[in-house]
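In the two complexes that follow, chain A is the common piece, with chain B as its partner first and chain C second.
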Partner chain A sequence: MSAVLPTATTRSVPAKPGARRGLIGAARHGGAWLAGPAALLLVLLYAVPIACLIGLSLTDYELGAVTLRWLGLGNYERAWADPVFRRSIGNTLLYVALVLPASVLLGLGLALLVHARRRTRSFYELIFFLPVTATLIAMATVWQFVLHPKLGPVNQLIRLLGGHEIAFLSEPFWTIPTLALIGIWQLVGFNMILFLAGLSNIPAELYDAAAVDGVAAPLDRFTRITWPLLGPTTLFVVVTSCITAFKVFDTVATLTQGKNGSEVLLYALYLEGFQYFKMGYAAALTLVFLVFILVLSAAQVTLLDRKLHYT
Partner chain B sequence: MSATRRAWLSRAWPHALLLPAALLVVMPFLWMLGTAFKPPAEIFEVSLWPLPRSWFGFTHFQEVLRSAPMGRFMFNGLLVCSGILAVQLLVAVPAAYALAKLRFKGRQWLFMGILGALAIPIQVIALPVYIGLATVGALDTYSAQMLPFFLSMFAIFLLRQVFKSFPDEIIDAARLDGMTEIEIVWRVVAPSARPAIAAFAVFSLVAHWNDLYWPMVVISSTQLAPPPLGMLLFAAAESGANYGALMAGAALITAPMVIAFLVARRRFIQGITMTGFR
Partner chain C sequence: MPHAISISGLRKHFGTHRVLDGIDLQVEPGEFVSLLGPSGCGKSTLLRIVAGLETQDAGTVSIGGRTVDTLRPGERKVAMVFQNYALYPHLSVRDNIAMPLLMSRLSFLERQPLVGHLVPGRRSRLARIDAEVVELAQTLGLGDLLQRKPGQLSGGQRQRAALARAMVRQPDAFLMDEPLSNLDAKLRLQVRDELADLHRRLGATFVFVTHDQTEAMSLSNRVAVMQHGRILQFGTPQALYEQPDYLDVARFVGSPSINIVPLRAQGGLCQLAGTEAIALAGPGAQALMKQCGAAAIRPEHLLLAPGREAFAGPADAQVLATLRHAEHHGADWILQVQVAHWPEPVSVRVPLRQWTRPIKPGDAVRLGWRWSDWLLFDASGSRCDAQAISLSASTMPAASGAASPGISCVST
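Up next is the complex of A and B:
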């Protein structure tokens, strides 16, 4: 499972000078058209759109509008002053802050427990991975029912224990934590599988050798061997979980539609762009979103590159 | 005696943690299936027991199929996902070969572009691509649903890694036999990457089958909705009153992927975890 960790090797092997010439050499230097469709799509789907996005974000363009006014950084100033946008950023960060530690630590914990199982390992893998494959929109509807104030089992349990029922998806205090709970439920199995792959890459002899040196207690084995060697995996899991959490959209679109204080960045972006058709403003929000994503990806590439050199 | 008991305990305690966790994770699935087979009266009773006490048969499922074109949603999903996958491979396999084995001007630029685009999610290009599609009047079509995913940077990146280790001697021999480059791509190099292609296929199918954002942006007619958007429309139409039918609908929507996962567990896990996913 080495494919789990992208190593970002951009170097390519230089062609041997003076090696095979003639027919074969010509063939090697031809064939650029094989990459043509990919290059064309790269320009049409990425280069041109992103250039358009940057241009649009400086205007007040609305879909179908005939005129267009230059705003400079007006859209960004407006976003900065917009309480709804500020709340959507705050909510997104809160969501990430809840999902990230829980999904990573629980994923690690489950992986450590499951890794040592022999006969039941595939059973647990199956169970914990199930939410990853299930269509989230359908399962969000199920969660809505499970958490329903009157008809759901969770509130029934709360009532039986003598508590007051909680409207998980309409009380502003609870909306983001509840969405985060569903996010964690979906992500834990995915992270567990990544950690399992990392664990099976640690050579068993290391533990034997450490035992000879007196490192035998489970906690020592974990802090001295497992945790350090799991470093690159952990980093990868943290960054991908962070990006996944940052892109929270499906559950918001299904369950709250951004109501009751549950605005998140992507949903705000969706509303401005595709419901109100304020393309210029939405373009500015998109670029804010892109900056967050690029910072996370850059962190991943540089940190992973550095880490991988001494493992 | 106490030694064997201790050995038994040390093997048993992880299950004391894992089993409740597993139960929590499958709870929504149990609740979904249980409710789908419960008569309405029992749903409104709200017990903590997930399974139906009196069997309601497939009545809720029939209600779903009457009120929403579930079969159509599935068909749309299948069509769009296989269309995306086919074009992704047609574009990515030759490009990956060219990047791995050929020398041409702009190769480094192309590769840097691919690497850069790898980090860019669909939500970033959604707005300009939407405007483009609106301009040419192609919104609300199957093609609009597929277009932004035709280029998979991940496929190119992955296959390039695989193709790089393919022996040059075999390619040269094929050239001396008079094979053209495109024949070499599909008949010599691509077959060697079958496991990677299969893993990518799983990744691509799952990702696009479950995708909601882009269909929500470009699709407005129910007839063209893929399963996730169909579920959203169906849930909105039911307005949360008939939970039996809603759960039956959710069960129908999740069934294809869950069944496929249960059948090909190894391939699924391998395919989906190959990347950061989504």
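Up next is the complex of A and C:
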């Protein structure tokens, strides 16, 4: 009986409008206090820098300059007209178009193969994950040797098979695909680990039920059970791979320095900002880069999210 | 058309652990058979081997006279209901139920995402499948839930969706792996009734795995009690309850569980600790006299009266005891009573109406029984057909008719 009484009194509280407003008002204050520190950090670490960036991108500020001039959209007009910048956007998009599907599909394929292993699974995980942990700048020198026109084993093999040697890192036709190959090599292991985590989350009982229902062929099992249930993982992998691919920089900086038709967005930005010290222009390019990533990620999430199932 | 399932000589190891140790089981067409046992006894593994989800090390399984050992699960024409239902979380109830039909009625090419649409006749086959799914769903009360995903269903609705997916193919047999254990108590009773009803309606063969003896006893035509990878006893619920072959079966079946009192040898006779000496009669009596295992009696076969004085009634023997604890179980009281020198208190089931005088824990009571109600087990735990007979003069007349040949047997 005593348990009924408090319920009755709490029910009577909303009947008095004043008390109710007081209660919610207190909750609102408390909520503001609780959310405050996180909101402050968010503003300081993200909103303010982006606002500064936008501000800078509208000026001709150069590092060390005493004065600066308001340009309005001048930097953007200049970037739009700049053939180097246009080429760097085209190259970056080509790079993403090569790296994204290959690294996601290969990562998935490797995960499916490795997931079926029992004893050797950790061995394969280690092997494929190594490129992720290795410093890319160090590995770039190895790649430089491997792909060297005269000394590299790849060209030796090509010569052995009777082909003409290919200067992978200096012929404009080959530079971006070669950089993309290195990018894929580095990203596949990471995507594989993510897909493995996704695969481990699918209950074994579902495969039992599927077996009893006659879902026997591997292709059926994949299209009916595995693939749909990997949806959330796939979305995550696609978005992160896309962003990583967009940020391609270190291989370009170490292997080609943006020469021979290998200009990419981040490298162009780096040159303008840190080699030529044109901070205003670099800020404008950064903003273009940010918008690209934002639009692509948002598009992927909204397009894929509708079809996904979350458990 | 229901099918028989026959299992012979089934063995299975997981590493060094022996899970199934020579299982023989004959399930008649249309029979509801439960595999009952504690967890780890191998009952689920047995069911999974019948379904084809595990392969046995030795032995054969045949369904409807057809040996299925080399067939894939989908080709065995059995349906399975899993403990966690195992509904496909990304598919609607409609698509979940349709899955077995899609797999059996569409060709491999027709099932593929894009090229499948090019195969002529696919659309009409799909429409027929959908019509069957909808019809079945309506008979199970799932008609309004067809578009929902499993995550949007209640426990009972999920259970019914899983049943519908099992039924849609009209399988030769239904295999159920603890399908009720995830439901709350009230729903479990309701679904239990629905299952019994379903079995009557379909007339199909059911094999039902459970660790809950009430479920097994109430649903089944026959129950196989399993322990350590073997079937201890396979029989009707009544046979298991009244004539358990082993002490372990007696202990597992019935709630509250059977009372077990050690049997002691005493000068050529036997004795329950602290009570009068008894003779044993009938087949196996002499062997039992030497080994002296245990005697067991069901709680409802014990008689009880408050106070210290002997009570009138059908009891052959009475002892003084102390009430430890009383539980109200609706129509009955379950009383825990301690007899001096007995290792554990015994449970006594007393109808509520018979028990009008108030008693409380610590009160003295008189406990009585008929010797013929005790089941006798030898030291290894197997039941003997022997009967206990009182030697005391006061009860001799009641027992003598049946027991006199036994006494002569004992005296030799």
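Throughout what follows, the second predicted complex is superposed on the first by the 248 of 311 C-alpha atoms of A that agree within 3 Å, B and C clash if a C-alpha of one lies under 4 Å from a C-alpha of the other, contacts with A are read in each partner's own complex, and residues count from 1 in each chain.
Please note the rule applied: a residue touches a chain if its C-beta (ideal position, glycine included) is under 8 Å from a C-beta of that chain, and two chains touch if they have at least 3 such contacts.
Just so it is clear, the model here is predicted, and its values are computed rather than measured.
In the superposition on chain A, A:V84 makes contact with neither chain B nor chain C. Of the two partner chains, chain B is the only one that A:G189 touches; chain C does not reach it.
By the touch criterion stated above, A:A282 is placed in contact with chain B alone, chain C being left untouched.
Using the contact criterion defined above for the overlaid structures, shared-chain residue A:V291 touches neither chain B nor chain C, since it reaches no partner.
Of the two partner chains, chain B is the only one that A:T254 touches; chain C does not reach it.
Of the two partners chain B and chain C, more chain A residues are in touch with B. Looking at chain A, you'll find no residue that touches chain B in one structure and chain C in the other. Residues 14-15, 17-18, 21-22, 25-29, 31-32, 35, 43-44, 46-48, 50, 90-92, 94-95, 97-99, 101-107, 110-115, 117, 119-121, 123-132, 134, 147-148, 150-151, 156-158, 161, 164, 172, 175-176, 181-182, 185, 199, 206, 209-210, 212-213, 216-217, 227-229, 231-232, 235, 240, 243, 246-247, 249-251, 253-254, 257-258, 260-262, 265, 268-270, 272-278 of chain B touch chain A in their complex. Chain C makes touch with chain A in their complex at residues 48, 51-53, 72-75, 78-80, 82-84, 86-91, 99-100, 103-104, 108, 111-113, 149, 151, 165.
On the side of chain A, the complex with chain B involves touching residues 1, 3-4, 6, 8, 10, 13, 15, 20, 23-24, 27-32, 34-35, 37-39, 41-42, 45-50, 52-53, 56, 63, 110, 113-114, 116-117, 120, 122, 124-139, 141-146, 148, 150-153, 156-157, 160, 185, 188-190, 193-194, 197, 239-240, 243-244, 247, 249-250, 253-254, 266, 269-270, 273-274, 279, 282-283, 286, 289-290, 293-294, 297. Across the interface of their complex, chain C is touched by residues 203, 205-206, 208-217, 219-220, 223-225, 228-229, 231, 309, 311 of chain A.
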